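Pasting the structures in now, so scroll down.
Both complexes below contain chain A, partnered by chain B and then by chain C.
And then the complex of A and B:
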């Protein structure tokens, strides 16, 4: 292989691949990036056997071919090179020579034949939408994914195409849930897949960088994304996602509307004395007012009230304050609406009647 | 901020052996030794005073004990029974102060500073505790009272069995006359070293030049010895209630390589810790596993829980995972588990699950345990065949 490529182009591609590479993998070659040159382009790919990524950039190819080289080291080298200069890459006797300006590097390589291919599964349902929209959907939901490996099925995000032509993203750790819907404007075949955390994070990054449309393909065992010159594929979590629709309260009779920023600030202050592990706080709702309070095992206390729009009966609800703040953190508007029934039933939070995002939090018993 | 404290140390006399004697009156007066069988490299867990007259003492290999006292009655330890009696003794303590720090089944420190006015002073409290224990368990205890843990512990040991010693506030005179071996932490090795320096009494230790002690023991140990000799000890009495963690561990008589036995032992520890956690009205958000291998290498592994809990099942799930993930397969000498990140009794119910009946299982098991002692009711998986213990 012998090519010349713009430093910025190859740096972007290598960085995307680098994100996928696991620092310590039992298979040594997976620490590497596969580089392949043919015709007028260079393709960089990387995989951890769960998530694979391939990024294509324009290159001037003097000699086609391929090699693999340590991802981290290649990335570090490219990062330090002159941003505006071209980079020349050439394989030679088990090494990759990198030349740019007056810099010369020689990095060890491994044969590309042993590198596992990033293979796309055929079939599945493909939909197109704005990259920015998909990124925003992930941003609004991914915080609720579980990190509890004993409940593998909750450690990802559900990507669902429903009968109303919507893409729904749902994440939950069993105590709170985040849901965001997006109308695709066309009927689609329904399907459900649990996408693992790592892939969710990478999909978001790719979409954030992509100004135009992306193609999302949801298959039987794999999810794929095409964004710009990048293709990402990921295995799915082979499990059943809980029936999330059952826990979204549709008929909570009480509604309180508060200032999002104010509630967030109050929770931040009150949490100082809440138990540092359980973050349990009490919300006392009464007409026109909410009193937020907390105490801890050292008998320390905090209390603060805020005005809000509420006219129902006095109700006290316990919460992990962290869960509420996570929701407030991904909302955009000025107001948060709190729909509840009593102190123990699931509480629904949203921004408006027609909000695309809904959040459910199970109260704590305190 | 050194307010005057009154600390009481209670030490049951030959506890395990005394329980056996009380449960079997025909043993009264005979030399009774509780411990593991000589063939299984057993050691003496407790010896009655009749056995001690032959030179038998705890931690001695059983083989040696039987050589010294061939007519001894050897009893296998019945820990569940001792725990049960111990729980009754702790119930006595809690009448006089909430600040109880149990050191083991048969020994505890009590901080009675705040209770003095309620019960007519330190001596009155000490005498009442002794009398209550005797009336309710038929056993004798030795009680020591002093201005700190060190003094209380030394005092309880001075007039055993059935002792009652109050150390004066001025500890210097009280300690000076004692042989250095009375100081906790001065074992046989330290005693021999001190002897070579010509130091036999605490007074000689107190007056010894720091440089001499340092040369013999190193700076740290020398400082500690000097503080002991001066009767200095600021350690507070910490009860479970203020504890940052609760743990339980067990050393096997024989190193264990069997995963089933390890799991059963771990579950038994989880049950114990869960019980104590619930009795305190606390929940935990972290679980720790401790393993000590046959080569004495010790590992601890910690896991944060997704939600605070006081349920034995939830603690067990996390503990078992830690064991499965971290046990190397080497023979294990000690296994233990603990919980930390403690908080108030709050619970985070699940969105999806129906309410679990498990809290009621725990509550019922706890009630049985409070009344009849540990080991009466437990999860079947925590049981082991007799010969596996």
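And then the complex of A and C:
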């Protein structure tokens, strides 16, 4: 392989790949990145056997071919090179020579034959949408994913195409749930799959960087994303996601509307004296007012009230304040609507009647 | 009608009765036959099992074999080559001696034995069905003996019904073979169940290699070997690190003079050895070989020879404790040796075999112990009464603790972080070495405990209930004690005989797996009782785990300010001397000791 390529282009591609490389993988070649040159482009790919990324950039190819080289080291080297200059890459006697300006590097390589290249599954349902929209959907839901490895199905995000032509993203850790819907404006075949956390994070990054549309492919065992010159594929979590519709309370009788920013600031202050692990705070709702309070075993206390739009009966609900703040943090508007029944039933939070995002939080028994 | 009703039982019936004791289940047959092969001096033993032993148990060895006459003799009750007088019974070195195994097995199965003597040009094949007549016919010569046991319990259907599922019986066979394989590392063992290889240990292995093969890499990498001699008892062990514990006693193996033994006293002794470094409801993992004069062990206690009686149980106990402590202390040395090359070299001169001081106190104190005493860890728990002699040379001598002049704990000023694990600090009269993780863990634990004091546990209900299917015993207990769970922040509802729906978990542990947490809780409650004291222990353990997870890890670089903060927090924390698992959190080296170390002073 012998190519010349713009330093910025190759750095971007290598960085994308580098994100999925596990530092200490038991299979040594997986710490490497696969470089392949043909015609007039260079593709870089990397995988941890769960998630794989392939990024394509333009290059002038003197000699086609491929090699693999330590991802981290290649990235560190490229980062140091002159941003505006071209980089020359050449394989020679089992090494990769990198030249740019007056810098010369010679990095060890491993043969590309053993490298498990990113395999795309054929079939599945493909949909197109704006990268920015998908990124926003993930941003609004991913915080609710669990880290409990014993319940694998909670450690990812559900990607669902439903009968109404919508893409729905759902994440839950068993105590709270985040749901975001987006109308695709076209009928699609329905399907459901659980995408592991790592892939969710990478999909979001790729989408954030993509000014135009992306293509999402949901298959039997794989999810795929095409964004610009990048392709990501990931295995799915092979499990059944809980029936989330059952968990979303649709008929909560009471509704209180508060200022989102104000509530968030109050919670932030009150949390200072709450139990540092459970963050338990009490919300006392009464007509026109909400009193937020917390205390701890050292007899310390905090209390603050805010005005809000509420006319129902006086109700006290205990919460992990973190759960509420996570939700407030991903909302955009000025107001938050709190739908509840009593102090123990699931509470629904949203921004408006037709909001794309819904959040459910289970109260805490304090 | 005859007046006399008492008569001798026909041999077939007598054998069946004996079989009731010796041949409990397929695994006991495997054990008896393999022990016969071991007694016959076999170097390789191959065991084949079909249908968990119901259909076939075959044991093939390359031992000394038998003549036709001996083979026939061996099928009679009380026929043995291993014992001839009552005196010999007092000092048995072989596995067998009762002469009961073969006739008992043959009385409840269809048995074939193919054997030949070493040099013989002809062998013999013997068959016997259900304790009936013994048929012999000439057969080709072979090396060693092969016994095939088919159709176990075909003539005693009542016994067959007592067998558990194939999966269970097979698991017991595998466990039995694993234990036998560790008891005799020099012998090759192979086990095939329905054609699948379940164990394959080559002959001529060293103890540690065999343990690695049988117990797995995780254990092998997390154990310390130790050998000690105590009052003529030799104890060699592969002892799991205190952090490598298990939920029950099943990962403790004891071999007394090569015999696989499950003995309550030995289990208790080993636990005592780990007492200060393990949570009360956890069990160590260990493999322990004890060798002593056969005259000091009575093996004729249990028909299946699982239990033994020691002539001097206290000494055996002390030896086990000493062996465990030697291994645990060896872990402690690793810590202290980071201080200087000198210490490393000095410690290295002493292999991991600190001989315990003999009771008479004549043998000199080993160097390693002296050196270990240089770094005095703060006192651990209370020494174990019965293991007193064994503990004397242990680390836990509380030298002058690191108290400052004001009478408060003074851990000095941090100088450096070592290997991202320890903080080195200078005090008025020496240096202190702090284990950052252990210390942080204790600080977090004490803080959690305080938060909990005087207040119920906040409960976090689940959005959707979590199904949990515990085993029958646990389920039965739960059905009666569901109410007790509320105290710990749990709520669960019965969904069937052995199925529950967990609806709430303690908020403090909300991020952790509900079923696993509840299983742990229930197991502890079943063990300690749901009364206040038991509940306290359960809580303690939980918080301990939690604190451990949240605490500063080893391997994290700490800034000087963070080091300083940690030391000051330690000084404020009650019980800071040990982490939640009983390991010391800091060690101290006085100037005087340093001077001794470098030979500046005697």
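Operating definition for what follows: the second predicted complex is superposed on the first by the 366 of 366 C-alpha atoms of A that agree within 3 Å, B and C clash if a C-alpha of one lies under 4 Å from a C-alpha of the other, contacts with A are read in each partner's own complex, and residues count from 1 in each chain.
What we mean here is this: a contact is a pair of C-beta atoms (placed from the backbone, for glycine too) under 8 Å apart; a residue touches a chain by one contact, two chains touch by 3 or more.
Every value quoted in this text rests on a predicted model; they were computed, and no experiment measured them.
When both complexes are overlaid on chain A, chain B and chain C end up clashing with each other. In the overlay built on the shared chain, the residue A:172 is in contact with chain B and with chain C. Within the superposed three-chain model, A:64 lies out of touch with both chain B and chain C [touch as defined at top].
In the superposition on chain A, A:108 contacts neither chain B nor chain C. Contact with both chain B and chain C is seen for A:360 once the two complexes are overlaid on the shared chain.
In the superposed three-chain arrangement, chain C is struck by just one stretch of chain B from 21-29, 39-47, 111-119 or 165-173, namely 39-47. Under the contact criterion defined above, the residues of chain A that touch both chain B in one complex and chain C in the other are 146-148, 150, 172-177, 242, 246-247, 275-278, 280, 296-297, 318, 320, 344, 346, 360, 362-366. Considering their complex, residues 282-283, 285-286, 306-308, 317, 321, 341-344, 346-353 of chain B touch chain A.
On chain A, the positions that touch chain B within their shared complex are 146-148, 150, 172-177, 242-243, 246-247, 275-278, 280, 296-297, 318, 320, 344, 346, 360, 362-366. The part of chain C that touches chain A in the complex is made up of residues 448, 450-455, 458-464, 466, 504, 507-508, 510-516, 546, 550. On the side of chain A, the complex with chain C involves touching residues 146-151, 172-177, 242, 246-247, 275-278, 280, 296-298, 318, 320, 344, 346, 360, 362-366.
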